[in-house]
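Some structures are shown below for you to check.
In the two complexes below, chain A is the common chain; its partner is chain B in one and chain C in the other.
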Partner chain A sequence: MVETSAVPTRNPASSSRTIDGQAVIAVSDMAQIHILNDVGTRVWNLIDGTRTVAQITDLVRAQLTEEGYEGVSSGVAADVESFFEALAAKGMVNLGETSN
Partner chain B sequence: MTSPLYTDLRKRPRSAGRDRESALRQAPWNGTLGLSISGVRLDIHGLPLPLERTLIKRFHLFISPTLAGAEADLSIRVRPAVVKGYLDYDKKQSTTYRLETRTSGERLHVWSYAFAGWFEIDGKEGEVSLCDSDIEPPERSIENFLRVAFAWKASNRGGFLFHAAGLVRHGKAYLFFGPSGSGKTTVTRLSANDLLLNDDCIHVTRRGSDFRANGVPFKGRDECGAENAGEFPIAGLFRLVQSRRVCFEPLSAAAAVSEIVASIPFMSERKEGLERNLSVAEALVRSVPVGRLQFRLAPDFWNTIEETLRG
Partner chain C sequence: MAITSYQEFVNRAFVESRPLSAQWELTFKCNHLCGFCYNAPNGQREMATEEIKRGLEKIADFGILYLTMTGGEPMVRPDFFEIAKYARHLGFALRLYTNGYLIDDERARKLKEIHIFEVEISIHGAKAETHDQLTGIRGSFDKVISALENLQKYRIKTNLKCPVTHLNQQELWGIWDIAKKFETSISYDPVITPRDDGDKSPLGMAATKDFLVKFFSDEYKELRYGRDVAKRDDSVVRANCGTGRTSFTVDPYGNIFPCVQWRRKWANIKEVESLAELWKESEVLKHVRWAAEQIPQTTLKETEAGAFCTFCPGVAELQTGSPFKMYPQAEVVSEARLAAYNAKAPSERPAAGGIECTGV
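== the complex of A and B ==
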């Protein structure tokens, strides 16, 4: 369960590049390379060490709505939270701190 | 970290072991070797003379005189080790070669069973200690150290060392890559009429948007490997998948970058290495076709490749 007040930070050993709308992420010494889908790329690119999970969710929702995606509101929060769980499990982000 | 680059670690006959031990102990250790690998210059000093002769023969396509006053990308001092070995050799894992790396400040430390050394990632100095060992012959130890050092020096010049087999046909290089066991050596064996650049690794160099494949002196197996020191424009990159059918499937740019970066060895130790790899790989995939090649144990994959590149 991800705290929506948590401020995610990227693993400082990670390197990434967004290529044709897909984030490619490699983490030093972990021998893993990940490619993110559209929503995952948006989330990754919004992680700046100051935004909370809730703020990132709102921004992603706003982006998708503005770009004309239908039925966005209902599933975004769950998708983003589950995405952060997956990123944390893979060591790509740290969800340690919460914003007051 | 287990190296993706396998080497043969069979138990050597006792007589061969004794010959190598006496060669390593012969004094003085003052042999010198200069290598030039597509513009990257590596100088090695302090070799025992029998090993110097062995390496001259092994690397003959890439030998370059060490010139006084000329600056090498890396100057490496070789010393006899004071220990009998470094990494423990596990016979049960004998088909997998272990090579460890670790950064410490501006140095990258590299070690395996019979050698340990370091080199400055951005500087020009390095050192390697060689053991008397029955597990790995000294020429292999030197070569495996040089692979890692060369990977970083090649990166410093904007290119990269690519874990791939390279074949040249009609003046262009076709690079076949994938994890160990994916079929790189098989593809080279199925292409006997083509020029083999290398069955294990290729130096990819870059001049703006122009990418070239270059031979390197490093071998996958002792009976294969460094056949050519030339430089060739790249026709395409082919991620190998063994299959019952033959087809080519282009990869998205992101997928192609991911596959290529996964086949660039030794650079993931530092973030800057990964960043460079991602950047150069993106430029490469914008420049040449990259795709997944399903192939079977027959040379008919070449028909598919040629049809694809014609189209």
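== the complex of A and C ==
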């Protein structure tokens, strides 16, 4: 379970570029390469070591709403949280810190 | 919000000529004297630290993810770690091609600190006398083993690369055992190429044809990670290789080429304003992409062995004057592959596979 107050940080061993709207992420500690889809890429690019999971969720929701995606509000929070769980499980982010 | 297929992504980049990686030859200086080396220094001044940093910024702005630092021997540059750290600061996933001679405990620790993505080390024999004979440096084999110990200690992903020559062709299993001992992968490269200035003397080091036939047979299948020799599959990407598509190479003087083998200059990193614009507009790049698309339909259709050929238009041009003309090493290797393929019962022959030189 991801705390919405957690401040995710990227694994310092990761390198990434956004190419054609998809984040390509190489993680040297794991010797792994991952490609994220559009929304996953938005989340990845919002991880700056200061924003909380809740703030990132709000920003993604706002971006999607502004771009005219309908019916996104209800599902975004659960999707973002489960996505962070997946990123953490793959060693791509650290969810250790929480913001008060 | 899925994490999607990397191979699909690479294939799309290939088809759309979208570069993902760059090789930078930081120097042509080297602490080895390999007789089969393809480098051909021309005496120009190599780029200084700050010039390289400005060049790296341009490549990062272009969206390149993987940066391979190579040479010569890149670690002989006193500013090697300054450059490597700056490259990491710019967000590159860093690869290092090295002979391993300088990777002591301290340098391995520094490589770990900068989160190097992977290190590739050349190995030329399972015995010290063979390796040292091929590098021309006594003690170089012991240095490779020491480098492997240090990289393993810091859990850095390492690959071994073995150019197969007639001097080490009987030691490939011993080299395999070294790779297993240090938990690295290994690739054997049976193609020796001329020097970049056209000097063909390295070709005298090539493995024998009889050995190559054996190398591609089932006897050596384990050393190919179980892969059978298959016909080329040009149906997806429809080009001979990734030259001018998915990567490019920068030499120590800043010249930029479509790939490490095809030395047709299309820019200089010190002078170019926008890599993105030139990547689209360069007549040199347009030509090499066009040539790479023609080769499977022309050169490789001329003989039965062409279906098994890892043809390199850069080597072809260097050696014959034409990027379309078959050259002896490609012919010998493809005939060896064909012989191995034909030795199998038709029911056991594998389906066509991908191409090997994608450049990523």
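Methods note: the second predicted complex is superposed on the first by the 99 of 100 C-alpha atoms of A that agree within 3 Å, B and C clash if a C-alpha of one lies under 4 Å from a C-alpha of the other, contacts with A are read in each partner's own complex, and residues count from 1 in each chain.
Throughout what follows, a contact is a pair of C-beta atoms (placed from the backbone, for glycine too) under 8 Å apart; a residue touches a chain by one contact, two chains touch by 3 or more.
Please read these numbers as outputs of a predicted model, since none were measured by experiment.
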| item | value |
| --- | --- |
| Chain A as common anchor, with chain B and chain C clashing or fitting | clash |
| First (chain B), second (chain C), both or neither touched by A:Ser16 | both |
| Partner chain in contact with A:Ile35 - chain B first, chain C second, else both or neither | both |
| Which superposed partner A:Ala26 touches (first chain B, second chain C, both, neither) | both |
| Chain B versus chain C as contact partner of A:Ser5, first or second or both or neither | neither |
| Residue contacts with chain A in the superposition, chain B compared against chain C | C |
| Those residues of chain A which chain B touches in one complex and chain C touches in the other | 12-13, 15-17, 19-20, 22, 24, 26, 28-29, 31, 33-35 |
| In the complex with chain B, residue positions of chain A that touch it | 12-17, 19-20, 22-24, 26-31, 33-35 |
| Of chain A, residues touching chain C in the complex | 12-13, 15-20, 22, 24, 26, 28-29, 31, 33-37, 39-40, 43, 79-80, 82-83, 86, 90 |
| In the complex, chain C residues that touch chain A | 1-6, 9, 13, 18, 20, 63-66, 88, 91-94, 115-118, 155, 157 |
| Residue ranges of chain B touching chain A (in the complex, touch as defined) | 1, 252-255, 257-258, 261-262, 268-271, 273-275, 277-279, 282 |
